[in-house]
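Just below is one structure, and these are the notes that go with it.
The first chain written gets the first letter, and so on, giving A, B and C; residue counts start at 1 in each chain.
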Amino acid sequence: MKHTSPAYDLECLDLAKSFGGIRAVKGVSFEIPSGSFFSILGPSGCGKTTLMRMIAGFEEPTSGDIKIKGRSVLGVPPNRRNVKMVFQHLALFPMMNVYENIAYGLRCAGVNNAEIKRKVQDVLERIALPDVGEREIHQLSGGQKQRIAIARCMVLDPDVLLLDEPLGALDLKLREAMKIELKLLQHQFNTTFIYITHDQSEALVMSDNVAIMNQGLFEQIGTPQELYHHPKTAFVAGFVGDSNRWSGTVKSADATGGMVETDQGLSMSFSAGSGQTIRDGDKVDIFVRPEFIRTVRAAETDQAAADGDNQMSGVIDSLLFNGANSRVLVRTGSGELIESDVTVTGNNDLKPGEDVRLVWSSRQAMCFARPESA
Amino acid sequence: MMQNKDIKRLSLILLFSPFALWILLLIILPHIGMVLLSFREKVAPRVYEYSFANYLDFINEPIYWNTLLRTGSMSLLVTALALLIGFPIAYYIAKIAGPRARGGLFLLCLIPLWVSDLIRSFGWILLLRETGVISNFLLWTGLIGEPVEFLYNDIAVIIGLVYTVILFMIVPLVSTLDGMDNSMIEAGYNLGGNGFTVLRRIIIPYAMPGIVAGCIVTFMLTAGSYLTPVLLGGKNSSWFTEQIYNQFITRFNWEGGAAFGMLLLLFTSVVIWLGLKLSGQTLANTVAKS
Amino acid sequence: MHLKTTLTGLLAATMLAGAGSAQAETLRLLTWGSYAPDELVQKFEEEYPDIDVEVTFSNNEEMIAKLRATGGAGFDLAQPSHDRIYAAQLEYDIYKPMDLSKIDTSVMEAKLLEGVKANTTIEGEVYAVPHQWGTSGLMADKTKAPDLSSWADLCDPAYKGKTSMRLKRTILLGTAFSMGEDPFAAYSDLEKYQGILDKVADKLIECKDNIKAYWKGGDDLSAMMLSGEIVASETWDSTAYKLYDQNQNIVFVPPKEGALAWIDTFALPRKGKADDAAYKWINFVLRPENVTIMSGSTGAIAAVKGGTDLLPEDKKAAVNAAFTAADIDNLKFFANIPPGVEDMEGKTLEKIKAATGG
């Protein structure tokens, strides 16, 4: 057989895991191309940690297969898999200094001292911390610890690097900076990163591909843009990004869209979510992102009306000022609150109490049939 | 505001004073008394002089310092055994057992302390004596042809002492191992270490403060124990505390007894100091922590 | 540190006891285990409702140590053996003289009373009166060691690994007698006594191989004897009598050198605060009906006229099985221990314990 390097660093085939009667992972299949940044995004308890622990070898799958570089690793103990992991709280060894932390894996592999020294120095330079070798772990800043934890894995040249919400413990500002840094590090090492998180912004910013996981299953795998703009399920639409959400019944529909009457009695037009077929009479959920809803003063409605085939009137309940991401909450006639992004200029802005009209296009109204309640 | 500060100070003093009194009245004063006593020499009935005679006695009489060395080395052995047996138990309690099992296991470790030294020793006597449970059981199984005496030797003393002190080894170990993030161990495996490497390079160094704290406490308890070695020991099993007792009670030689007490304190302190030096730990991060 | 905490505890306890001036109506008794049976204490408290009895159990050495620690305070009545009064008083000044007019000495066996008075008189003052007496000797299982008759027989290779003794002064003295020495006579010449002790030590070190274990108290001795793990031992007579109750083959054997006899006494601690109550207790327990209760508990014979007859029936049988009139005549009463002898003996005992014989 010809020895070719396989196209995928990691493949999971119908992977499942049960704890007692509880099925934490219910048959997940995916493959990750070499050198990409792949995120698994899901709410806590969705099974993403179990999935990752199976890949690392800390849990044995109940069924299915895991292949690393094309070779099944079932039954291979964690210390024999070339999959390294950055733990949630990093798990740096406090009784060793930085140098020894990084050298630990090399020593386990029986590398000679001179080689260890060269490799540790090399990896420290690559993470731009060449002089911290002699420091103790508690002397490092949060960001430095993060980088050391990655260096400790990367010095072993792994096939896949698993990261388990490593930014969770950092404060907001550092977290933003580390997102960018992680992406850069991944480029630099050109190793496959699998990043587990419940924070969508981390996943969207860094990843080449993101898998959305819910209740032990992958809902959708795709680029961040696909997931955001073309969600395949109501869960993805609701979980990725912010959305206004209505439930309703389809009044008329064709292949691409139709009209819905919401439970509150509003009528609105929609376009079907990707891959969805919507029929008359279906119970559906409709999602509209705040940035696609325009808020105009009732007096100025005429100019705006042309842009959108959905309109609704209401009163501004409150203004959530957050610079470029400012938002208004509009209370409609039927009493619900709708979020809409607005641009705040500091000059003649919308104020609470003003009568407004909300306008959006049916193309931005994503509609998903509700699973039939059996 | 001034008043407030005074009240705070007063309440601090009130809170602290029982402890200070305890230390002063029951620890410091008696020890000062013992030191003074140990430097007295009886020259005639009711006549005493200050001298080093009691300490010279100790140095000149091989029986005494041999017994002290014997006590010290057996205490070290007991400490090592307690660590060897206690570590896996502590590891199981801290890292493997479920929360409910933990309570039960801790309780099991505590049970020996619910009864007095004396009862505990009698328990061992019942088991180990020639006509005791173990000997009879072995006879019954046919493994031995005639009754065997397991009691009245150094091994019986060591077993009894390990049993008594092991809890004091387990508790500090559990509390340090408990503080260890499980992911630290997983990281050890993940980075390529096998079970032995993880134990040697990660778990043991992490647990070092607990190990040292446990060793200090068990060593002190063992070297200072009296009933267990006396009751389980054989014809030749001299224990240093027994000598102190003999000095005080049998020989009415309080001066010699006080000197021996000081020597035991000095000896255990030196051993512990050496242990701390060798393990690179300090009292502050071991005993004080757990 | 157990010993040390015991000692500090002792100091603290005695300090407290000294500070909280005890009520005159509490009788604090420092005595041997079983020397204050509940039955008698209750009876006494019924007769003297204004007196509470508090009992602390101890032994000769600890009694003296406790009283020494406080200069004779903390207790109102102590019961050391007759040989532990004279030197302890000379050295530590822990007792006070007794007022014999307050004690009904007429009921006491004259020989014992005179003996104790002779032993405990200092500068014309009497410091103790007798309470009970008994002996230390040998105990043997007749079926397995029928010929045991001398202290030295414990070291007979025929009983190798089957004998026991308590590593205390009794066995030193007994062994000395069995070697033809008279240790009591040598008390006046301590150098000579040291010579005897050295010989005894050699003998007992040699004997170690023959011993199964040194017993430490009545309980472990009884267990070894009843289980048949040993066939002969040095013993207190009361322990032997108790075992005779359970196994008629186990008898007390007065050694042919003479059983060593002790008399436990009544003595007043120097700072005792309830002398009257103490005298009441002494007279109370010497009454014939109370003597039987006491002897039933202690197994010792009261130092009253006809003390043997007042023993409970089972004890009487055991004594009669053990002693002949000749044995009684042959008793060796412990002689007063002069200052310094305890230290010499203690050192000898340590030497024996530390030697690696067997």
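By definition in this document, a residue touches a chain if its C-beta (ideal position, glycine included) is under 8 Å from a C-beta of that chain, and two chains touch if they have at least 3 such contacts.
Each chain and its UniProt protein: A = ABC-type spermidine/putrescine transport system, ATPase components; B = Binding-protein-dependent transport systems inner membrane component; C = Spermidine/putrescine-binding periplasmic protein.
Since this is a predicted model, take the numbers as computed values, not measurements.
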item: Neighbouring chains shared between chain B and chain C, ordered by label; value: none
item: Chain nearest the overall C-alpha centroid of the shown protein atoms; value: B
item: Top-ranked pair of chains - ranking by C-beta pairs in contact; value: B-C
item: Rounded Å distance between chain B and chain C, as computed from the means of their C-alpha atoms; value: 35
item: Averaged-CA centre spacing for the pair chain B and chain A, given as whole angstrom; value: 55
item: Centre-to-centre distance between chain C and chain A (centres being mean Cα positions), rounded to whole Å; value: 87
item: Complex contact set, residues of chain B against chain A; value: 181, 183-184, 186-194, 197, 201-202, 205-206, 208
item: Chain B to chain C touching residues, read off their complex; value: 25-27, 30, 33, 45-46, 63, 66-67, 117, 125, 129-131, 149, 151-152, 220-221, 224-227, 230-231, 234-236, 238, 241-254, 261
item: Chain C to chain B touching residues, read off their complex; value: 1-4, 7-8, 11-12, 61-62, 64-65, 68, 90-93, 168, 208, 211-214, 216, 220, 223-224, 227-229, 339, 342-343, 345-347, 349-351, 353-358
item: Complex contacts: residues of chain A adjacent to chain B; value: 56-58, 77-79, 83-85, 87-89, 91, 93-96, 104-105, 108-109, 152-153, 156
